[in-house]
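Following are the structures in question.
You will see two complexes here that share subunit A, one where it goes with subunit B and one where it goes with subunit C.
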Partner chain A sequence: MTPKISLLAAAWLVLKKDWQIEWRTRARLTAIIFFSLSTLLLFSFAMGPDVTTLRAHAPGYLWLALLFASVLSLGESFRIESENQALTGLVLTPVEPRAIFVGKVFGNASLLFVLSLVLLPVTVALYDVDLSRDPLRLVLVLFLGSVGISAPGTVYSAISANARARDVMLPLLLFPVLMPLLLAAVSATKFTLQPDPQEQVDSWLKLLTAFDLIYLSVGFLLFPKVAEED
Partner chain B sequence: MPPFVPLTLLALVVAAIIAHVASPKVRPWLWKPVAALGAVMLVALWYLGLVWAPPEQFMSDVGRILYVHVPHVWMALIAFTLNVGCAVAYLMKKSWVTDALAESAAEVGVYFGAVGVSMGSIWARPTWGVWWDWDPRLISTTVMLLAYVGYLALRSFTEDPERRATWSAVAAILSYVALPIVWFSVRWWNSLHQVQSSPSTVDKPMVQVLRWGAVTMLCFLYVFVVKRYEIARPRQTAAIELPPLGLPRPEAA
Partner chain C sequence: MSEQLAVEAVDISKRFGARWALARLSFGLPLGRSLLLTGHNGSGKTTLLRLIATASFPTAGTLRVLGHDARTGRDQLRPFVALVSHASFHYEDLSAAQNLSLSAKFLGRGGEPKLVAELLERMGLSERADSPVRQFSAGMRKRLAIARLLMKAPRVALLDEPFGELDPAGIKQMEGIIRELQGQGTSVVLATHLVEQGLSLTNERLHLEAGRKVAPS
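Presenting the complex of A and B:
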């Protein structure tokens, strides 16, 4: 069966559909914003009010808050599709499953990206972070990191949306895979916000990009198999 | 033992696993001589590792754990590679055999990996003075272990056998792809922290014993995988033949 529209056009439609659903309720974004706000607050309570420590570890807290929020947000991303078997409908439309993957990845990534932009001023307030060193690169790191979380996350959330104990399943599968991404994103953020005497930030950015590309392509190849079984 | 022996044996083991799966004729007997060989070699390994091999120059007798620790981690790597091979094979051509083999390889790999990492930790305490260190090999093995525990959990949480097979195959590939990235990222990350390096002045008799250990564990790897496969197959058949309950698949509640 040949799809009537191109893959990119279909992916764009899926992305627009996700944005529309999100925009009409704004429930998911609001929920994850407040969830990560309280996570960031909890980190500062757990570490004590010492500003130097907090500032030094701020990139780690920021990415952990994003990572925890991403589990909630990714889980929701396919839950809306399994209601009324919407995903089956999409596959039958016929939208190529790969287009669903691309649309969903960027839907999830954009949500996380917006969340990270919202959290930035909060890190300034809570951890006294200096954002003015290289804001453009910071935005790039946040974007690459959001895509990196979403690429394997979309595949895993499609899997776990229909598994038993799905709320445990998603982080159990996702966190080990995301470990290098967390390392790269935290280091890249750290060397963007703080002095980088050894000029390491570029190699971390490359690692982030490589991670994104690898998981985008692996997910692109494997997602149709997952969608078949949904 | 010449250096090519373990590699040749590895190829032999993979061939033997395939023979075990493919041919009902070798299934009842082939594992028995291998298990016996493994048992005999294990007893010899105790002697070779504890008495025959000279004590390590820096670590003295503590270093002897190497002869079982390193082969365990190697076996875990082999088992996970076997698992991902089966996963790719399953996605290319659906077959219950590769699915069952993937399950058994993953479980055996988690066993070998968990024992290997624990032994590494026991070794690290007197050698490095810590139970845990941010060494790339250590982290990669642990991350791999966690990923495969997730894989096994996914398998046990999915009832539908066809879904289970496809999903776990996809999860296995995603986890396996992460391994080299984890390795590189931890190595770069670690260049910031000054880490004690393990003194690796490996003497010739030690290499011999290490190879002996690897061959011993390879025998056990084979026996474990095929025995676990024999458990997985009937379970799978029972799940496939289970009459449908007449209920729709559990979608969102």
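Presenting the complex of A and C:
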């Protein structure tokens, strides 16, 4: 009898496998870094030279750059799973589909989180924001936001991976679902970069955590239906 | 009765959109016996293998593998069933060794580096163990897929055109592997257009035409 490994151990293997592939090619990280740098640059040019306006809108533009980059990243994440039907191979190995979900979510989230850290100094340069106000909370917001984008993103990229118009379908499915999370992430980021006289940042952080838990739970329940053919 | 059968299909059908890939197919394969699947392209051979592997499920009818319902008992079944298919299931950007090592870890196999090295050696892939699969020829991919099947030591081995893309030495080795699996009591279901070769390796034959069982012409 083949010994069965736990869900968490299998999820960790899926995550490590994604990191291995990324490390070997570095294609996805390179692409999303350059894409989001261009996005931030274009937004700053579009806003003009007024520093006050730039500072006020920096959190929103940072999250939009991350959101747009996530579409590229998530699409690529499931392209490697559809090539040679690797996802089917995993399921038949057998790997519990929920372990695949957890591994892929945190694989995608880790990449987005690294991207967000890379974008921070660029945001300082282009939008003149002050990172020293509450850096720990800022990093926490970026991490929670990355997980929040990746959880539904993983489900939808699995759904759209074999669709004919997958490049169009993923953002169409994903963006409406992410609107509340985006609002919470932008607001929480704003209050870590700008004065927060009413101490709202913790409320937004709690909301962000709640969205993450909801998205993770729904994805955890739905993913087996998505990963297996009928 | 079903406990003695490796595969038991009762009136199984599979539909893709408006097309029926399999239509009311019934057959039984006793444990330890091997089956040759023949039929023209599009006759339903690959679909049937995928159903037995639980990669997909029947639209109608009952399919039992090793005594378990293929849909509801898939978690119990999958550790004992292995499929070598047209799709290799490999990650293109991982090396041959990394792909096998990943399977070994998921299967909870102890002594994984030694096992991986042995299988790569056996399939003649040792020298390319660290090359990404993307750089492999079709024959090398097939050899790697067979290595993965051997790692699983299945009770039901499903082989879809296993001789395709292999060189003469590889074909001979594949025949040896099929006989070795049969010697271990594994039921082999073999789909191939090389009928004579297939008949020499199996005990029973199922010929399909448009998803239906027919007598071979």
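Keep this in mind: the second predicted complex is superposed on the first by the 226 of 230 C-alpha atoms of A that agree within 3 Å, B and C clash if a C-alpha of one lies under 4 Å from a C-alpha of the other, contacts with A are read in each partner's own complex, and residues count from 1 in each chain.
Just so we're on the same page, a contact is a pair of C-beta atoms (placed from the backbone, for glycine too) under 8 Å apart; a residue touches a chain by one contact, two chains touch by 3 or more.
None of the values given here were measured: they were computed from a predicted structure.
K.L.:
Go through the superposed model and pick first if A:83 touches only subunit B, second if only subunit C, both, or neither.
P.N.:
The answer is both, since A:83 touches subunit B and subunit C.
K.L.:
Tell me which of subunit B and subunit C touches more residues of subunit A.
P.N.:
Subunit A has more residues touched by B than by the other partner.
K.L.:
Examine A:152 and indicate which partner it touches, taking first as subunit B and second as subunit C; both and neither are also allowed.
P.N.:
first
K.L.:
Just checking: does A:179 make contact with subunit B only, subunit C only, both, or neither of them? Give me first, second, both or neither.
P.N.:
In the superposition, A:179 touches subunit B alone.
K.L.:
Please indicate which partner A:93 is in contact with in the superposed arrangement: first for subunit B, second for subunit C, both, or neither.
P.N.:
A:93 contacts subunit C only, not subunit B.
K.L.:
Of the two partner chains, subunit B (first) and subunit C (second), which one does A:41 touch, if any: first, second, both, or neither?
P.N.:
Touch partners of A:41: none, neither subunit B nor subunit C.
K.L.:
Considering only touches as defined above, state whether A:51 meets subunit B (first), subunit C (second), both or neither.
P.N.:
Neither partner.
K.L.:
If we overlay the two complexes on their shared chain A, which of subunit B and subunit C does A:229 touch? Say first, second, both or neither.
P.N.:
both
K.L.:
Once the shared chain is lined up, is A:131 touching subunit B (first), subunit C (second), both, or neither of them?
P.N.:
Once the two structures are laid over each other on A, A:131 reaches no partner at all.
K.L.:
Taking the contacts subunit A makes with subunit B in one complex and with subunit C in the other, which residues are shared?
P.N.:
83, 85, 229
K.L.:
Along subunit A, where are the residues that touch subunit C in the complex?
P.N.:
Against subunit C, the touching part of subunit A is residues 1-5, 10, 13, 17, 20-21, 24-25, 80, 83-86, 88-95, 229-230.
K.L.:
Taking the complex as given, what residues does subunit C use to touch subunit A?
P.N.:
Result: residues 53-57, 75, 78-83, 85, 87-94, 98, 102-103, 105-109, 132, 152 of subunit C touch subunit A.
K.L.:
Flag every residue of subunit A that touches subunit B in the complex, lowest number first.
P.N.:
79, 82-83, 85, 152, 155-156, 159-165, 168-169, 172-173, 175-177, 179-180, 183-184, 187, 200, 203-204, 207, 210-211, 214-215, 218-219, 222, 225-226, 228-229
K.L.:
Where on subunit B does subunit A make contact in their complex?
P.N.:
91, 139, 143-144, 146-147, 149-151, 153-154, 157-160, 162-163, 166-167, 169-171, 173-175, 177-178, 181-182, 184-186, 188-189, 192, 249-252
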